[in-house]
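My questions all concern the structure below.
Chain naming follows the written order as A, B, C and D, and within any one chain the residues start at number 1.
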Amino acid sequence: MKPLNIGMIGYGFMGKAHTNAYAQANHFFESEHHPVLKALCARNKEKAQHFADNWGYESIETDWREMLKRDDIDAVDICTPNNLHKEIAIEAAKAGKMILCEKPLAMNTAEGEEMCKAVEDAGVANMVWYNYRRVPAVSLAKKLIDEGRLGQIFHYRANFLQDWTINADVPVGGAATWRLDAEAAGSGVTGDLLAHCIDTALWLNGGIADVSAVTETFVKERVNAETGEKQPVKIDDACSFMCHFDNGSLGLFESTRYARGHKALYTLEVNGEHASLRWDLHDLHRLEYFDHSDDSVVRGWRSIHVSDGDQPYMGNWWVPGLQIGYEHTFIHQVADFLKSLDTGEPASPSFREALETQKVCDAVLASADERAWKNV
Amino acid sequence: MKPLNIGMIGYGFMGKAHTNAYAQANHFFESEHHPVLKALCARNKEKAQHFADNWGYESIETDWREMLKRDDIDAVDICTPNNLHKEIAIEAAKAGKMILCEKPLAMNTAEGEEMCKAVEDAGVANMVWYNYRRVPAVSLAKKLIDEGRLGQIFHYRANFLQDWTINADVPVGGAATWRLDAEAAGSGVTGDLLAHCIDTALWLNGGIADVSAVTETFVKERVNAETGEKQPVKIDDACSFMCHFDNGSLGLFESTRYARGHKALYTLEVNGEHASLRWDLHDLHRLEYFDHSDDSVVRGWRSIHVSDGDQPYMGNWWVPGLQIGYEHTFIHQVADFLKSLDTGEPASPSFREALETQKVCDAVLASADERAWKNV
Amino acid sequence: MKPLNIGMIGYGFMGKAHTNAYAQANHFFESEHHPVLKALCARNKEKAQHFADNWGYESIETDWREMLKRDDIDAVDICTPNNLHKEIAIEAAKAGKMILCEKPLAMNTAEGEEMCKAVEDAGVANMVWYNYRRVPAVSLAKKLIDEGRLGQIFHYRANFLQDWTINADVPVGGAATWRLDAEAAGSGVTGDLLAHCIDTALWLNGGIADVSAVTETFVKERVNAETGEKQPVKIDDACSFMCHFDNGSLGLFESTRYARGHKALYTLEVNGEHASLRWDLHDLHRLEYFDHSDDSVVRGWRSIHVSDGDQPYMGNWWVPGLQIGYEHTFIHQVADFLKSLDTGEPASPSFREALETQKVCDAVLASADERAWKNV
Amino acid sequence: MKPLNIGMIGYGFMGKAHTNAYAQANHFFESEHHPVLKALCARNKEKAQHFADNWGYESIETDWREMLKRDDIDAVDICTPNNLHKEIAIEAAKAGKMILCEKPLAMNTAEGEEMCKAVEDAGVANMVWYNYRRVPAVSLAKKLIDEGRLGQIFHYRANFLQDWTINADVPVGGAATWRLDAEAAGSGVTGDLLAHCIDTALWLNGGIADVSAVTETFVKERVNAETGEKQPVKIDDACSFMCHFDNGSLGLFESTRYARGHKALYTLEVNGEHASLRWDLHDLHRLEYFDHSDDSVVRGWRSIHVSDGDQPYMGNWWVPGLQIGYEHTFIHQVADFLKSLDTGEPASPSFREALETQKVCDAVLASADERAWKNV
């Protein structure tokens, strides 16, 4: 077993999800490599220590630059707000560390280009946490499409609907709500939610050629969580866009935090010549599949409970009928990263792949700004 | 076109459902025969006239014996409370009328035997309104089973769940609530609801050999709707039973009027060696189907929207995707009755077939009474 | 009872649906007025006679101009392809006939304006068959929105997805496939399917200010059903658009005939501040409703089986739990038309109301053509 | 932090599920106590070592009696086939170890009585792994019932349906299929599946008074996995029973391994005077709830996505909308066991509580054997 010494930056929601993945991956997936929780880095020493103790990190740091200097760190995991991704990643690359970066890759395409150059120049392993690719049902969708079961694709549509910012008293900024602060987050739902939808779409259906988008900010002013002052809200509360894929299919995407009743409803649907499929994060263990070649009188959408040993990743878990959940997508991503170290094949999505999502996001925001179609 | 002159007895819920079926059948289904709404019979002359006018009955009668004397009546439709079925049917048979009798056939097996003998002696066409056989999804289930797609059957289960008598203020007796009056109805949910489940089961899965049942009456006393006096409730509010079918499969049936949240939830499921199917009256246009021969990674329950032209009865209605409803089951039954007149083949279910359901009901009630398994 | 003498033009799918509605409305809904199937008009005499006989039309005509001359016709129902609506409607108005016109109102806004002027100048009752307003679940949605239960609306989205033209061998033109012929239909999915979505949206959520649309024609050439020659396909196979409503909410609409697995999947969803609702034509008897004011631990989307007597139109049908179907939407529209005659209140949607949908369709097509946002 | 030194017996499916729970509990739930994976015991030394290495057990044993002698073991976890539960538990109690025993408690009630006496005489903490109580949705159901939201209960029904033994080539006995061997398992679906249903039922709805059951063995002979010889199958392939609860409600239970299409479909439904609820293991993160006090026009079954911080256990996991899975039920049970050590309150279900389920199972099997109602 070869140790993979992890230096984690951040202990928030994603810090927990990634840490759990490092702790669990080898329990269920075999690899020559074994993640070691070597160091946890965060500015607040007390909280960092508490998190480190709970998860078994061997040490803490309060300055990420110090952590990058350590020889006992092989890989850096970036779980900070988006506006810090670039600087940390570039420095980590210079320090020769592998980098696992939370999505979206960067604040914009220009930053992302710099980051790609940095990791490629340094020749370090790199990956972005677009975790939903590793939902077994989504991986199964990929397999079905790649096998040609859908035939020519006509339509791709995806939604990511939430409702947690309808309340105008939700503040902006601070640890809990930095996603509403344009300076920390870059954008609103586009970078936070649509980025997931776009990454999956590019993976499943190929490149996007052009987009026409609209954004909206329903609550125009909010109180800053730290200063207590009112400030204009500069992120997009909602964003929809239409697009053409390179393969000739039409795309339709929507994201919002104002869809009452939806907590985290990421859905996708692909309509092909021979078959269609759809998936929904609220029931992530199911894939809906329609196969036109079924005998006509018994043709219908199949609800596939993706929990059998021959379905992606599921042979490593329990028995048919028993579902796994959200956190497992990260475990799968770590398992695949470890396998990439075993085999020497690059992990996916790399920074370079994630940059494509960034380009679409930029085109979307520009299109909404200019009320015009934009090429990606 | 040959007229089929109908004499309808009763104008309640079933009187309306049957009348609508006579009015509509030829609009959607071709036949040499054409129902004519010749006479409506009911004791209350004013209400009878109102109903007759609305639906276009040519005449009214207030005494069913008078109606039986008329030469211009070919077929009598019995929509009275259960305790009148026997007498009317026997007299109608003697008068040489075809008989379409609302279910259950009779108050008990003994009565049913007399009725069968009467129609068979008279040689008159006869049918009982077990309408759920003619839900297209249920007819499709029949077709799939008969084609052998399920293979050996292991389990058959059915529920009929309602919640309308939970309120202890619902009275017993009278026009609206005669179903709670044992003298008019014979039994409670057994004859009213389980009879439907049993008829379908016998049709789909063959004969029942023995049963073990339990009944319950949750509200012990209710006010009589006509007298205003409290009286003991003698019908079964709920009834469950287990059984063996002749083909070796196990059956499980339940019915109640105390299942909060279910209005008329008739569901059935059949599990076979190769495939399973299930159906639900609350979404009657869908059949769920699981086929084990599907490729394992995309195997799942199919939700079949039974609205295509090659599915039972649906070629006579609208276009794929557009659903029909409850009332259409009666239209289909009339259409099939007319077809039986065209071809000379007996209509189904005949009195004799419906008698089998009566026998199971009797065994169920006896089993509950004696707390013992009973052969049918 | 006052007769309303109907002159029907066309005996296709819509001719049957409307005729059934006239035949059934009084059976279930009381009115002083009573539709009489006076005349059926179609060019093919034999087929016209067959249809008339089946439904009880008293006479036939083969030239609609002749029918307009008849004094015994009160109301004309236009069930022709779209390109004939204008001329017939204007002549019928001149002849003083009430007009019930199949949707979309016209080939375009300009035609629609002329038609509105004609009926308003003539002062004749007029209505367009946007039947989906009268699905009980959709009417219930309207009631809930109008009561303010949703609060401020943030999002409105609707789809109308079909799959019947994926096969490139489906011809264009002729009686069965005139909808693929731009000369007869005006447009493809926009006028056929999106028009329904738009009508409902305007009714539920108010006016649309501007749109950005995209259209696609996947199969570029098809054989003409009558000539057997290949010809370019000029209608839109698919159309999506984004929009702003006057109330500040965002709209997202999509329609296609290339969504494998969907027969006629019209869905709509409205997200408001306090509540959300959604509906789906494939299960038209259900309304999904989420109420944020529910106690938080038991909050969830409610699946409302719209079949109770206190829900729109349902008091006139069967009992709770028993569903109605597609054809009933037309019966409800006739019943409401008859009620409008009883009360003198105009029927809805009038030509003038339907013109608003036409304007949105025109803006959508222009936007797609010019790849630019267009005001309505 | 006080260590809780675990000695695990068995490394099969349940050994893995329990071990994972010990490894994960403190990561998500705070406690003064901290499980330590001290020793793994199994007869096959090589496999034991492999499992121990993977999960971090500090040592292995190949004889459970040796493990019981060790002073560094605080608690013994019994994950053996059922026929070894009694002996190990009694010896462990004598050795003063806490005991966490896989369900069902014992081969029969007599064994269970001895085991209860042993742990109670020894005064050691004890618990049985009826893990489904700790599905958040099921815990929520318990809370709703205990708050009186359902009012008087009329009906309780539960199913546990599988399909994995339909194939007659599945062998009996051996590590993988000991559940088909009556000598190792005691019974078939009754002890394996119905025991879960019964435990939950007793917890939610109180004691069961009497039962009437039927069992079936569809495949009469199978090959022994170890000897290769054909032998009669002595376990029950399917079992259904009806019952009366002490509170007057009716129960209906069914379990089988011959329900094609169902992998592990444990469903339960409770119908009360004011409300009903239902749950399904295949979508374990959802609870369906119907509240009759909802305004009638918007009344419907609510699909509650149990993933909010105020719902049982969920405040310790991710964010609303993100689901957890099967394995978490064990983590919750460990967390609750640790809490019981913190507080001194006994853990639940104790051996004594689990004995009640054993009594019902015995009555069920006796009833099926004798074809008669049996008191529990």
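The definition used in the following text is that contacts are C-beta pairs under 8 Å (C-beta built on N, C-alpha and C of every residue); 3 or more make two chains touch, one makes a residue touch a chain.
Keep in mind that this is a model prediction, so the values were computed, not measured.
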Minimum number of chain-to-chain contact steps, chain A to chain D: 1
Taking each chain's C-alpha mean as its centre, the one farthest from chain D: C
Rounded Å distance between chain A and chain B, as computed from the means of their C-alpha atoms: 55
Approximate Å spacing (C-alpha centroids) for the pair chain B, chain C: 36
For chain A paired with chain C, centre-to-centre distance based on mean C-alpha positions, whole Å: 42
Where chain A touches two or more other chains, by residue: 262, 301, 305, 308
Chain C contact footprint on chain B (complex, rising order): 13, 17, 20, 23-24, 26-27, 54-55, 162, 164, 262-265, 281-286, 305, 307-308, 317-328
Residue ranges of chain B touching chain A (in the complex, touch as defined): 140, 143-144, 287, 289, 291, 294, 296-305, 308, 310-311
In the complex with chain D, residue positions of chain B that touch it: 150, 154-155, 157, 161, 163, 166, 212-214, 216, 218, 238, 240-242, 244, 248, 250, 252, 254, 256, 258-262, 271-276, 290, 292, 301, 371-373
